[in-house]
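Got a structure for you, questions after.
As written, the chain order gives the labels A, B, C and D, with residue 1 at the start of each chain.
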Amino acid sequence: MSGNTLGKILSFTSFGESHGYAVGGVLDGFPAGVDIDLEYIQNELDKRKPGSSSLASARNESDKIQIVSGVFEGKSLGTPIAFFIFNENQKPEDYYALKDVFRPSHADFTYYHKYSHVDYRGGGRASARETAARVAAGAFAKIFLNSVGVDITAFTIQVGKIKMTKIAENIDKTTIDQSILKCPDPDISEKMMQQLEELKESGDTTGGVVECRITGCPSGLGEPVFDKLSADLAKAMMSINAAKGFEIGSGFDAASMTGSAHNDKISKEKNGKIKFLTNHAGGILGGISNGDTIWFRVAFKPVPSIKKTQLTIDYHGNKKEISISGRHDVCVIPRVVPVVEAMAALVIADHFLRNIHVHHFVNKIHPKI
Amino acid sequence: MSGNTLGKILSFTSFGESHGYAVGGVLDGFPAGVDIDLEYIQNELDKRKPGSSSLASARNESDKIQIVSGVFEGKSLGTPIAFFIFNENQKPEDYYALKDVFRPSHADFTYYHKYSHVDYRGGGRASARETAARVAAGAFAKIFLNSVGVDITAFTIQVGKIKMTKIAENIDKTTIDQSILKCPDPDISEKMMQQLEELKESGDTTGGVVECRITGCPSGLGEPVFDKLSADLAKAMMSINAAKGFEIGSGFDAASMTGSAHNDKISKEKNGKIKFLTNHAGGILGGISNGDTIWFRVAFKPVPSIKKTQLTIDYHGNKKEISISGRHDVCVIPRVVPVVEAMAALVIADHFLRNIHVHHFVNKIHPKI
Amino acid sequence: MSGNTLGKILSFTSFGESHGYAVGGVLDGFPAGVDIDLEYIQNELDKRKPGSSSLASARNESDKIQIVSGVFEGKSLGTPIAFFIFNENQKPEDYYALKDVFRPSHADFTYYHKYSHVDYRGGGRASARETAARVAAGAFAKIFLNSVGVDITAFTIQVGKIKMTKIAENIDKTTIDQSILKCPDPDISEKMMQQLEELKESGDTTGGVVECRITGCPSGLGEPVFDKLSADLAKAMMSINAAKGFEIGSGFDAASMTGSAHNDKISKEKNGKIKFLTNHAGGILGGISNGDTIWFRVAFKPVPSIKKTQLTIDYHGNKKEISISGRHDVCVIPRVVPVVEAMAALVIADHFLRNIHVHHFVNKIHPKI
Amino acid sequence: MSGNTLGKILSFTSFGESHGYAVGGVLDGFPAGVDIDLEYIQNELDKRKPGSSSLASARNESDKIQIVSGVFEGKSLGTPIAFFIFNENQKPEDYYALKDVFRPSHADFTYYHKYSHVDYRGGGRASARETAARVAAGAFAKIFLNSVGVDITAFTIQVGKIKMTKIAENIDKTTIDQSILKCPDPDISEKMMQQLEELKESGDTTGGVVECRITGCPSGLGEPVFDKLSADLAKAMMSINAAKGFEIGSGFDAASMTGSAHNDKISKEKNGKIKFLTNHAGGILGGISNGDTIWFRVAFKPVPSIKKTQLTIDYHGNKKEISISGRHDVCVIPRVVPVVEAMAALVIADHFLRNIHVHHFVNKIHPKI
């Protein structure tokens, strides 16, 4: 009810304030008997850590995961998987100065109006640190998805004013991993970096866009009315801090297209395989996966913590001028890419499990195109 | 679990196939003692009906609502409000010709792969007719919201290649109602109509974009992590048939802005009132309403039923050439505007009720900026 | 949230007041492709109808079911199954006399305090008529369960002071059906009838106990902590109007037994089959079915509508003396037996579907002892 | 879905195996701004610990609670309250001997059939140690309930063959606390102790019955159909390990009573207060609290771990003779009393919060009789 739980069969509950004892989560409904590679999970978590780059927050988060339950002798038990990521290197005193000030475009204002009593240290529960728990839970979901042939890859296509205009159909994961900004085009990546250096210099920040592609997903995932796969992906993405927009397949461009141009024709190949000639659908028709690649994009706003002076008010209604110094990223994009993958993995794994009862003969495996 | 229910305290369950006995729904969790104006509800439903325009499907849907339970002597009982809307004027024989053909960019393909046994008549459950139930439920939600001062207005800002470029801060509801296409700018509306006439002539269709604004919403609605108000709005909108994208406030434009330009400064007026100087947030910060106008946009794809010849296959894998004639809209936009409002109303009313327990002194009404 | 929905994968939403347009329900999550025998469903509903006996309410309920959605060409579609049972023969004027009086041990008092605005006609939503919708939904669940080999049989073991003391291990369904009171022992059934005649004479009523047995249920159903199969059965049974107690297997007798007497020893038969030597467990261990017969009992209170004069107060706090005449049963037991079966069927079918994802290899069918 | 979460607005998720890193939970939906007395919570946990008595398991559980999130500067934040209780003094080697044996009337058999991969150490998730998390969560719920005037008291009324026959209307909490067996009658308590000593001597165990009373609960709690307050209490109680039966108010005795004897007459006192002359209802009518004391009883089976030799089989189907030595209670009753209170507190607090939206004027506080 308080919205800290996502998913119906595979359900993930997140908890923790950024400067409390720990952030963490409980992943319930994970099937029993799955091999759990803890190193893989730690690796996923590490991807979310601030890079060596000068552009990211200098906060040293070791983000070491502690599994509390649900895994025994290297395999899942089918019971709730609880885990913690301790909050080390807490410096709450960094936040005392802004303790009772509404930082513009932060959640301070709305938390205060909703709860009256708030944890003012570093955003508390509104901190992006909460996404560490998402990435850990998503890593478990990925382990499950990998075992059934589903792969998820997210990457940066825009940072501030620099965009990729042509995006290859096949993206090489190594090129993504080699880019600090997780952009598969080295030239664009370089330009993005320059832009961020300039913004840092001027005490400013910017936003960006992440694209995500899911391959190997069987047809049939998603429920036809409210829990459309596209709707659940939209919700999961828009639940990430700083998200401002979501579009799938042709997205906003679809609005100006004609039906004859937009419709994805279906053809039968010589080898008998059924194929969509285009993929404006983004791999989802009527809310249900069609077996083609699922692809979507998520827009993120600029980091609101800027060094430049801003006008605001405090809790008591007094006007204030503030400049937010300290450990803050110039752009969320590189750190949000693994979060997009994690949220996609949680949604797809949940729907994979949800799709199993649809038929009377529940052990029937659905054909994939 | 099967995704036919939306909302947590105010929860709406939808049922019905387009050519079955009826479509309808159950709205549970609606407070007791609310005056229910049945004429208002019927009026809302009528807005979704095909207009007198030559551009819309000629299907004569009377869409008369029958209340089954939950309302007694003109007031809500606090028990489930069930209703149905009979499916009149069913001509299933219209659909026999395409009974076993996958119409491109329709849900036929995915329904067949998910369920094996499907109701092929007019899309069955995938038909946009299902949204009539949403509009009826949304009308109940609006009655509740109106009683607490919340207003919701959606309108057309793009049809195919014709867009509104300047949108006034205050939109007059009458200008919207006077436009067949529900566009508040009469000149643009006229151009949109011309474009649709041309498309109809050529047997083609197009998409569009709807904007929605919510005023009078108190601060504090929305839950901070997964059930962010923005995330639940995104899901609700992306659950509408043909939706391809969602953006809130600055939306995708936020990606290229700087933090200093994007941050909404907070100021205190001479009269003591707190004011955001801009509204890039779209009325939501950290997933929680901030008391400012909530505004977002939803993109819809072109109607996939086109007269132009298309290549496809049938259920047995045979290639087919089809031309879809019959009663089909050239563009979903005018009929989808009330659906956007209804879905917004369901989400906001649910979160209004969800926000009530947050404080220990549960009868405390939250201050509004 | 308002508690009109039961079940997680197979979820049933009930709606309707006893003297409104109809009572009915929506059964969501029912698998696609199941043959639906409408005659069987109507038959189940007929079992709940007042018998020809002079002991039951004379209300002539035809209880004809109307399927609204989710069934097409004789098979389930996997979409929500909505149905109505119209309220015929409504005589609301029968209730005007007691319109603003709290009938003792009826729900009038609590509904009024909870909702302020209530439907006073015949109990409104608190009427046992609501259970007609449960029986209809349960009939669908039984169709599914029968197809996987699960059988559910409920019968009367106590009416007022007359009890069955020895209950055979195998109960013949015909003997139950032949008894107006649904008691498998003809002699006891006869004595129960005599007692009820006497009570009727004196303007009084009584209660009773129903036993239910479930055979063919595979091991593995039920979730280990809160959603134990026994806990979900307890909730479902205690949700039936007039239920006062629930016990499973050895029940309250277990409290005075020793562990050595109570433990169900496990043995391996010569044919290799595993067998529990006793069944104090009631077929459930640690909340999970063990493959043995599930058996439990539910106690029901006397019908509170009595002809004898009672003291009470009205809505305004005035003292009243009332005598409730009209169409009322002397004992709920015969009509509640099919409701017990229906609720058991809904719980078992839901848990059957819930148990499917537990393993990684989701199509693996669990071994049954 | 996997049933590790209970409650709708105040929802509690439990996690942990008895010999893993920790057991714990997440309590979500707890209102913000409530003073949290950690000492009180630790005290409640201590009540569940094995007493100094020779009858209880000698396991030394310090059960120290660690709050992870949701509490800041002594007050609740409205965010999820996560906590854990470390598993100290783990001696898994104690369990190796019975690692692959199905202990009669334990959950070994059903866990193995459900999950294949199980944590065999001390029952893993099926261990009563899981209830420590329930008691901690219940302590938070009690803090909330105390602040609104609701009190919950559970006590022992039967251990094995020794029962209380007369139970006073007012039970003194001190007499309960002074009894090792939590029985308010010192003489009966003494007899119960003697009986347990004898059972211990003979290597056997027994069961018992706990009664629970809830006072100060306003009328209006509970939802009328499936989520009746009585139904949710039944589920919560039957979800406790070893529970076999539940009855409320007159319970199973109601079955043999007449309506005229069972009906609770309503009277108006001279001071204008409304009063029920009896309380067979157990404080709940039509599933909704009526403002009177809520009272119910729960039966528990004998501890299945006995020293006496038992026949069973192992995972491979081989017959075994076992005698379970080690740290085991002779009777669960004393340790289960705080668990009954905790589960009652979670259910009542959840329904208290759920009842708030029922009226249009949501800040209206319902009148209490």
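The criterion applied here is as follows: contacts are C-beta pairs under 8 Å (C-beta built on N, C-alpha and C of every residue); 3 or more make two chains touch, one makes a residue touch a chain.
Remember, predicted model here, so these are calculated numbers, not experimental data.
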item	value
Chain pair with more C-beta contacts, A-D versus A-C	A-D
Farthest-lying chain, centroid of Cα atoms versus that of subunit A	C
Chain centre separation (subunit C, subunit D; CA means) in Å	26
Geometric centre distance via CA averages, subunit D-subunit A, whole Å	39
Inter-chain centre distance, subunit A versus subunit C - centres from mean C-alpha coordinates, in Å	45
Interface hub residues of subunit A, defined as touching at least two other chains	1-2, 4-5, 8-9, 14, 29, 32-33, 78-79, 114-116, 125, 224, 358-359
Complex interface listing, subunit B residues touching subunit A	1-6, 8-9, 14, 102, 104-107, 109-111, 113-116, 125-126, 130, 158, 160-161, 199, 204-209, 219-220, 222-228, 230-239, 241, 243-252, 254-268, 272, 274, 277, 280-282, 284-291, 299-306, 308, 310-313, 317-319, 354-355, 358-359, 366-367, 369
Subunit B residues within the subunit C interface of the complex	1-2, 4-5, 8-11, 13-17, 20-24, 26, 28-29, 32-33, 66-70, 72-73, 75-82, 84, 114-119, 124-125
Residues on subunit A engaged by subunit C in the complex (per definition of touch)	1, 9, 29, 31-34, 78-79, 144, 147, 224, 353, 356-365
